[in-house]
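One chain, subunit A, appears in both complexes that follow, with subunit B as partner in the first and subunit C in the second.
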Partner chain A sequence: MGYPHPSHPRETVILSRHFGDAEARSLTLWMKRGGYQALEKALGMSRDQVIEEVKASLVRGRGGAGFPAGVKWGFMPKQKTKPHYLCVNADEGEPGTFKDRELLRWTPHALIEGSAICAYAIQAEQVFIYVRGEFTEPIRVLQAALDEAYARGLLGPNVLGRGVRIDMTIHRGAGAYICGEETALMNSIEGKRGNPRIKPPFPAAAGLWGCPTTINNVETLCAVPHILLRGAGWYKGLSLSNPKSTGTKLFSVCGAIANPGNYEVTMGFPLKDLLYDLAGGIRGGRTLKAVQPGGSSVPFITAEEADATILDYEGCAAMGTQLGSGGMIVYDDATDIVYQVMRLAQFYAHESCAQCTQCREGTAWTTKILQRMLRGEGRMEDLDLLFDLGEQMTGKTICVLSDSCAAAVVSAIRKFRPDFEAYIRSGRAVPA
Partner chain B sequence: MSQTGTGTGTHEATAAASRVFEGAARRELDAILKKYPTAQSALLPALWIVQERQGWVSPGAMAEVAEVLGLTVAYVKGVVTFYTLYHQHPVGKHFAQVCTTSPCNLCGAEGVVAALLTATGCKRLGETSPDGLWTVVEAECLGACGFATPVLIDDDLIESVTAESVPALVARYR
Partner chain C sequence: MSDLVTLTIDGREVQVPPGTMVLEAAKLAGVLVPHYCYHPSLPVAGVCRMCLVEVAGSAKLAAACATPVAPGMAVSVSGAQAKAARQGVLEFLLINHPLDCPVCDQAGECELQDYTFQEGRSGTRYGSFAKRYNPVEDFGPDVLYVPNRCILCTRCVRFMEHVAEAPVLNVSERGDRAYIGIDAGHKLEHPWSGNVVDLCPVGSLISKDFLHKARAWDLDKTASVCTGCTQGCSVTLETRDNMVVRVRPRPNPEVNRHFICDRGRLDYHWMNRSDRIETPLVRKDGRLAAVSWEEALGQMADLLRSAKAPWVGLVSPGVSSEALEGAARLLALGKGTGAFRVPQGEEAPLAGVPDLALRADRAPNVQGAEAAGFDRDWPGAVARTRSAGLVVVLGEALDGVEAPAAGVPVLYIGTALPEAARGAAVVLPCASVAEEEGSFVNLRGRRQPYYQAKAAPGMARPAAWILEEVLAMLGAGAGVAA
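Let's turn to the complex of A and B:
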């Protein structure tokens, strides 16, 4: 299968196997495709065994941070003195990223199964799936799947007759990028403004309502049933380059690309092959100018750097960028990079929760400086001002929203300084 | 909105005029409340119920939500104003959100916005058309970048909208 195009032979199709397969949404037909065997297996293992298996697989958080999921689960207290919670982060909003949307709308039961396994392992009886408010169709599909799972005893007070209680509730967001930050997400579930919290305490110690909480991304949890069924060794074997990056990753390729869409490849896949072989190359036969491989929050890389980039956590870091969420934004040589960077800065200014001065003022000021340049009123010293601002916006705030804005802006100026200088000199973009 | 005042007392009359949480809506809220350990946690779901039934979240509705969840009106308003999807003013019969963040921008999103304004008769972004049918806004990333340009009309996400396909799309909602 595949959606919107058939899977490419060079993809490693595991999570995306049923994209485009509407039947896979129904519980009965999902079970015919092997669904819920992993949950059955997990419930026959001890909680520690499940955590150890996930740890051994080395699967890392697919929301962007890349923290080892099994280690995160292991932070949860073994002695339960308060309720434990699992939050599923389906607040997908990182520009360039649209993988969780497809997982939710095509394979909702994969998420439910992975979440149930996690809930069992961390002793959580209640799971909140935080879905961004704009995901109206994914919410409908997921709710229907939850209803079916309850009706079949896969959720509720006695999961699969094993005496384990797992309840799952969709909590619909209401339009706030920042709620994808895990502590803001918890505040939003608690009925508060989505302001990130100062850490520590970390969620495993004091999360939702002050209770131990684990927050995992949709894609991470969808990989869990496969890890349980086929083993950590199998999952670890899915690695083409650095052994610390294992499994498959969904890359959402978008922007100036011939065939936009999600592509699932083994960690360590060459970025160049993804763009030119799988995604059909640059739109309209043009030339590549820049890529943000992991969403709008990661540094830009040039076409030359992209050619040499290996798609795993270490490979992206080696090129001075990050794997992030795998939302790959492609910019061609016709792109007005200054304008697009302004749009990104504007995004962060719009989405800043405004708690921290560096972020509230920094994202807005950055946007204004870039808009001034675009109007032909830029000054050469604005570039140094943007660097200085970028420094003030990095590592000084409660969360990394302002760091993300700075990373995009600063890297764009470093890599494409002539484009910015052209605007300052002549008030126009450099001719493509 | 200032005529409704800020004190709870002033709100009571407004809220009583058109209460949301009666009958089915009250039962829906009660079912939600059972899923959370605190009433405050039902705030976002409660605001969704209000908006689904009334089309926006009026000051009177904020007062009612505050009352049923045991919160202050100021607190509820603080939450409502944080989240962009809650309408603080009445909007058109159809509410269209066009993604114009960079990935969609690279694919002609701004042309889609211009075409939507023309086809709907909206004078500018955020304003409702004179026939009351449409409100068009720009959205920051709808999470469907591979289907540029996505437009969310009410609860329908329409993929791969182009400036050329806008008139036919708008006609479908007439």
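Let's turn to the complex of A and C:
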């Protein structure tokens, strides 16, 4: 699991402030650290006021898509004719990402509080926290926190004596990456096979059991109590760059890095500084080759591009990649990029839900071509074929799993073509 | 008409009700958007991604099956992007396909074959990779699953889950390992499960009954009505070399949508029976002798003129309304009436479609027989044959019926000659439902025509024709001897 590092002076520790502080897990000691004041405050506000505050903070979905959370809440019907639901997406399955795991492990009450505020705002009486099944320790911690919250009247039929009902239930995933996709997640909670659904209808119109539903990532919800307590203006101020990217973001830095772990920085932080200043530089004193800044699903960027990247939604987009979930995978100059790309493709081929033709067949075919290349049997035409398959796998399916596979493969070939050509010519990786 | 939405599809303007999906609107515009998983009688899945079309002003292609129309929408099905996407899907579907069309029952009516010929690539880029292989599975009494040909459109899964409401099929495994699974300990034994064979757009779910019987292009197809029960499902009789080899549902939104039950599907072998009466027979010197129609009809007219009233009819609810009406008019000449009996079975509804069931009354024309004036008092009619002046039998096999007393002449009109009818004075061979034109009236009073699918054997004629000939010979208003 890895223990957290002491926070670096250049970090802006808000969500990760209590990482490593085991006392923060207990309700009493969490309240001593300021816990549940925001919920108290929210229940004193109107539902619309809460939504407006979150809207004004411009906090965007931290699961990867970056959709403004307040806007999403605002899509929920004001007139409640059916039950409303909140689903917390704690199915963190994106390779390279491990921020939600730490949030669940160390600050379960932050999630419970943020979820309760959201549930109140969107008139949901039932919250499902869909946790990745492999997260055995975080599930234990979260369940203990839920039990305490119920015992203290922070959850249940009469939250804080304000006549609001909020129930929270943990739903354990069974090991499918695709269940982190919000509509597949809802199918999974309903007891169905975790296949993404066609949109529209969007979850706010017809989600869980056909009822209006909001799905938010753990990190997004953990930020909500801070926004309510300190105000949207304060949150908006946490930005070093583009005014549309606000607040702090946890980056899970992993791979060929000296000090892997979660780092919380303000939006707009330079990627270079995160790698070299905060995370101790490239492991073993080697040099950087490539980075996937937002998890395995986003396009690769080269070392030069990484040096110029600003870590916010727009900054990553400017480099042709995405901020994604903040799972930053670092590759050094000893990396066999062809092998790495094959492993990613193999992951997507394994996790494809098999609904859409392009994804089901495309991810597997892509993997086979790359494996053949690694065996020394590649052909130059394979590169064009991979581009072509990438084109077919992009923007044509129900969800973006096949797009993610294609993005990694296509960007790797574009940026590291000599590595692929070397394999095709000599059957071996380029010497580092 | 102001509440219709106007849009263009490949430049053709079409008006459709709001909420219509682009794929259906395109059909009305005369444009077929190639598709696999979409089926008008199943919930939309949107998974094959074959029906991706270009919508002006939208960067991404849209799945025509799941995209509702919008006013002024301009859709392109034949555009280069849409075509490239379809070609991509076809290529993906074929990389693991065994290409065993020469031995596949679906060849000739296979949508994978059709669209590939239409716009697929001529060669493969898959190269030397081994294709996915899974053995053939026995899914039930009449269904085999050939997973290698499966394109995972999930029509079968959705039919069993949402229409039959007996969800025994599923998608098992993930990625390119996925296949259609059947729940452990279950078979496709639902009385409507055979529809999955028709729904399958490729040769993955196939009928054991039809297995290797005929190539699709050798079949002649004739519109008909199922004879299995009073539901009156529209069907197609498919014949090859004057034999019915397959019965399939014919879409009829009012009666059976796109479905028929397994009984209706498989109960056609009697149409090919070979022990048929092929010539008219009349009694000469105590024995039935083959004669011409002219002679047979003449003898019959003579017999009718001399027979005393009352006459009794024993008719079948499995013959056409035209024949039943003729028989009723004939019986009226002898102040007679008649009755019919209906084989009974257990009612088997198709849960997802209102008012569609395999009915307990297992005959196609019960309403037609009642409309013609026949009743269900079968024992009464049989009892009356003992004292009748004449007995007319139409299409009834007379199982379990004792031959009438000696001296009561019997006119027998049927396809085969049962033991009980061997004492008949005149036996006239008639065509079966597959060999004539006629109509049945279903339980909701719909009179539905059926057409001739194959030639009748020998000199057999439609029963309605026979009865009309006799009535004509007797002349209108003909009376009977007192």
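Keep in mind that, in the parts below, the second predicted complex is superposed on the first by the 429 of 432 C-alpha atoms of A that agree within 3 Å, B and C clash if a C-alpha of one lies under 4 Å from a C-alpha of the other, contacts with A are read in each partner's own complex, and residues count from 1 in each chain.
We take it that contacts are C-beta pairs under 8 Å (C-beta built on N, C-alpha and C of every residue); 3 or more make two chains touch, one makes a residue touch a chain.
For clarity, every value in this text was computed on a predicted model and none was experimentally measured.
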Could you tell me if A:243 is touching subunit B, subunit C, both of them or neither one (first, second, both, neither)?
neither
Return first, second, both or neither, reflecting whether A:398 touches subunit B, subunit C, both chains, or no partner chain.
second
I'd like to know which partner A:44 touches here: subunit B for first, subunit C for second, both or neither.
neither
So in the superposed three-chain picture, is A:193 touching just subunit B, just subunit C, both, or none of them (first/second/both/neither)?
both
Subunit B versus subunit C as contact partner of A:350, first or second or both or neither
both
Once the structures are superposed on A, label A:385 by its partner contacts, choosing first (subunit B), second (subunit C), both or neither.
second
Which of the two partners, first being subunit B and second being subunit C, lies in contact with A:363: first, second, both, or neither?
second
More residues of subunit A are touched by which partner: subunit B or subunit C?
B
Set of subunit A residues, in rising order, touched by both subunit B and subunit C:
176, 193, 350-351, 353
Which residues of subunit C touch subunit A once you look at their complex with the stated criterion?
44-50, 52, 59-61, 63, 66, 85, 88-89, 91-93, 95-96, 125-126, 129, 151-152, 154, 170-171, 173-178
State the interface residues of subunit A toward subunit B in the complex, per the touch definition above.
4, 83, 92-98, 100-101, 126, 132-137, 167, 169, 171-177, 188-194, 209, 252-256, 260-262, 296, 327, 329-332, 335, 340, 343-344, 347, 350-351, 353
Inside the complex, what are the residues of subunit A that reach subunit C?
176, 193, 198, 349-358, 360-365, 368, 372, 385, 391-392, 395-398
Subunit A partner contacts - residues on subunit B that touch it in the complex
35, 37-38, 40-45, 47-48, 69, 71, 78-79, 82-86, 97, 100-103, 105-107, 139-148, 152, 155-157
